[in-house]
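One chain, chain A, links the two complexes that follow: it is found with chain B in the first and with chain C in the second.
Up next, the complex of A and B:
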């Protein structure tokens, strides 16, 4: 095994949260190691075009200006194209094992691992051409390639709008954008909703920009509609749009539309593997599957020396992620005894801005909830787990046979045991099993406990001490 | 978006052209290929799904390397891409 590299602060994740944390910590005089699975910095929201890859190319040139200093900062060592597959506490700090075979020893850790998309299965969702909105977005931003020519964008949440707008701007025909939630009368009057929304005019303006791009091209925008099936011989050819009942347990109108691609996603789920490996306290998410890391005002977690920032602490958007990263980087520097160096914006003002961003996110969350009846659109033969091709009938049988939680269902059906280890089907399965078993989401548990956070060649495990 | 330099690669003996900045997945898609392996159990076609390395739907073999996620792998000149043999999940 290569001897460990030693840094003051290790930051895992190079999205807005991780980049802000690394900048803040190096600004206070820390030696920082910044690890990201991608070959370029930026994370999801600031994903750079990969044509920048290659000899002599700068891994920061396509980032917003405020992050570009990270490329040439002598205090920051970038480990790009490299994933942390295990993290553990050791004497004097933490040890991170990387898929490149390296290990990093750090006095403090900032977890900025982001989130993955929340998906709900539907008949035909495993046909080629059915994908997540993020997949279409990544193809477009990273590779400048269109996922398809005639695209339906559907699911729930504000992320659908930039994806659809990006596709039409790049020349695709967006057949429809379908948001499953409907603005229920009275929801704007709920405590905090109106105040939350009006706290961030910039975000509302951003949303309005996407909407106007879509309306200019006469893209139909449907509220209360969902993709409930798609079909085709060897790929998506037709997509069924249904106008949902209030709890989504059925529909009163449906329309089959011609499309070669459908992008369906229902928001995000925090990526918790490393937080769990490090024993950080978690909180359930209201009405949503998965959990988030609990943090204090300085982004500290319940594990001393571990800080968390960005979507791993809950879905609050890119601006909040960046502010949290700044706070986490400062707190991590303080933990390892570094306080000197460049002062940044005063902490109190950062916290004020963060509170505004979070109240916006909380308000948005109240506008869209996943309807409890969504499983009505599943058919017996619909695969719920894409890897093991476990059908919906098998899941129902397992609960009927007495499985009370996700581990029980996994044991009986193999759902969540394939290559992805339940990263894709786990959250939907939690919702479905909770519904079938009449239990709460917290009671059915999840599949996010994985001693290996990121797939790793077996040789790499053999050559390191392994996750003890 | 400025075009990257053309890169030649093969997929199951077809000679195809992608460009610098493509992943193996985006290059296949740009050539009209939307699925490139079949599942072990049902023999169902699979291509890209999550696009960010989470789902493992997009597995391919490249030269001697097996089970590579096509959505994460930068395309290289001369890549010999083949449907992933889908040997059982040795992985995590």
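Up next, the complex of A and C:
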């Protein structure tokens, strides 16, 4: 077996949280290993264009100035284009097993694994041209390519706006932006909502900027509307927009619009595989599928030496992720005994800014809940798991046959057994099965596995997974 | 706590053994109620490979039960209106050298004497049967009767058939304990109230020891953990169930530490399943990546091409292990009205129909087609008088 590389702090994830954690830890004198599956740093938010195959491209050149130092920092070793398929506690710290066959030993770990998009299936969502907003944004940022010429952006949550604005600026025609939630006057009166929204004027201004970009190009902005189907011969040609009933269990108006692409996403679900492998305590998310890592004020998890930052602790946005990363990097450095001169802003002020960002995120979450009746737009033949082509009718039959949780449904229908292992369909399936079985989201469970966080060649497992 | 009369028989456990018992008892004319704290196949049944094997049984009573069960699976497959993917893919037990081949041949001779179909393959035949195997293997024994099925589909289908035959399914309901009724039968307390029946069948797999305790008895069933690696789907690359010649030794190895032996097979969807590991670690489900490494290393020795094939996930579960590696089927020696159908370790899927046939015959007082003596729970009871010596 290859001798493992040894670092003080291993950071998993090269987005805002991971980069901030790595910067903070190396600033305190730690040797840091930073792992990300993309060949360049930045994560989804700061995704850089990938121009060359093979080595040679500067992994930090396209990043905001404050992160560029990571590229030349002798204290930081970058493991890019590589995924951690398993993480475990070993004597003296932690061992990360990488899909490249390398392993990294670390005294402390910062989990900055981010989140995946929540997709609610609809008839036609398996056609080419139907994708998530994140996929369209990754195409644009990573490869400079437009997802399509005539695009419908739909779903729920604040992420729809920058995606639509980005597409418009790059020259696409955005046919409509449809937000499924409807802003009703009563919502602003809910505890924390008004205060949360008003706590971050910068964020409101950012949103206003996207809105004005869209309005200047006369993009229709619809509230209370959703994509409930799309159709086409070999790819998306038409998209059905429906004005939803209050709990989404049907609609009173619909119209088919011509489009070659529809980008539909309903927010994000934390990527919990490695947090689970390391035994970190987690909390359910109110009314939403999936769970999030529980962290203390210094971003420590219930597993000593493991810290978490960013969306894996709950969806709070890039600014909060960066602040959490800073705190996690400092705490991880402290854990391994590095507490020298502390560069950067004082911790108390970081926490104050973080609290504002989080209350903004909580307020947004209150605005956009998923209507319990969304399954009304599924047809018997709609695939709910694209890898295994499991239809909605089969899922209903499985629950009818006595399956009471996601694992039971998976066993009877193969939903979630394909290449993505339920990363795409699992959260929607959880919502659907909870509805069918009349149980809570926590009771139906999820499909996240704990041993293999990412597909890995058997040769790599044979080579690097020694006795614990 | 007299308990109303719920059914003639309460089956505790809606895994494959419980489902087969429910169907067999219903078809024998009994009024049956199935209780399980989870859904169908919520435990061990869903955690294995769906093995219906004769090749891995030593020549003895378990092999007789396996041969009977193999026939019953064919019958169930043809008479039930459902597809549980029963496939007689055949088993290949491969040996690396002449010494292993001698042991494999010796076992095959004794199995053949009991009616098992088995054929020796030299290196050339082996390469034709399974072209992607490592070229340096010495040979194999080929068992055409070895089959597999999709245990979750089978369990759900058998429960549905039992339901049609009049059985009642109480899923999501936990059986907490119970007592023998005066006269005959038992009373069971559950999370859905008190149930009463003339007989109770304990088909709770690795949890059957706890169930027995709750009902005032003891049986020596221990959980034995196993883990399986699942690969990405491949075009038909492995045709049979292929396993190392030391598999049978691993089954009967009682080490509490790890016993491993490579078992590789394809499922109908194209994914490969790679086992097998055996550990006595209680019900500890903590991921153990060292076990995965050992499984992968062993599988690569059989199929070098697997090195580049990606594993997508793992699953693990607990086998109900009995101390002498024989199932525990029959009347409880201490508690009248209590019957056990458990202790199959990793063979429960294959042995389920014959186990159910035995239970139905014993409960209804008819003559079973296979001698139930070797499986009797009373073999673990203390010898008469032994209790007084302590």
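Convention: the second predicted complex is superposed on the first by the 457 of 468 C-alpha atoms of A that agree within 3 Å, B and C clash if a C-alpha of one lies under 4 Å from a C-alpha of the other, contacts with A are read in each partner's own complex, and residues count from 1 in each chain.
We adopt the following convention: a residue touches a chain if its C-beta (ideal position, glycine included) is under 8 Å from a C-beta of that chain, and two chains touch if they have at least 3 such contacts.
This is a predicted model, so every value here is computed, not measured.
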item: Partner chain in contact with A:404 - chain B first, chain C second, else both or neither; value: second
item: Which superposed partner A:232 touches (first chain B, second chain C, both, neither); value: neither
item: First, second, both or neither for A:421, with chain B first and chain C second; value: both
item: First, second, both or neither for A:129, with chain B first and chain C second; value: first
item: Dominant toucher of chain A (residue count), chain B or chain C; value: B
item: Partner chain in contact with A:388 - chain B first, chain C second, else both or neither; value: both
item: First (chain B), second (chain C), both or neither touched by A:139; value: first
item: Touching partner for A:450 - first (chain B), second (chain C), both, neither; value: both
item: Shared contact residues on chain A - chain B and chain C; value: 388, 418-419, 421, 450, 452, 455-456, 458
item: Parts of chain B lying in touch with chain A, wherever the complex brings them together; value: 1-2, 4, 19-23, 25-26, 29-30, 34-35, 39, 41-42, 44-57, 59, 71-72, 74, 89-92
item: Interface residues, chain A side, partner chain B - complex; value: 37-39, 44, 49-54, 116-117, 126-132, 134-139, 142-145, 147, 234-235, 383, 386-389, 418-421, 423-424, 450, 452, 454-456, 458
item: Residue ranges of chain C touching chain A (in the complex, touch as defined); value: 14, 38-42, 46, 152-153, 156, 159-160, 169, 171-172, 227, 229-233, 269, 271, 274, 286-290, 292-293, 296-297, 299-300, 306-315
item: Parts of chain A lying in touch with chain C, wherever the complex brings them together; value: 86, 88, 97, 277, 279, 388, 398, 401-405, 407-408, 411-412, 414, 417-419, 421, 449-452, 455-459, 461-462, 464-468
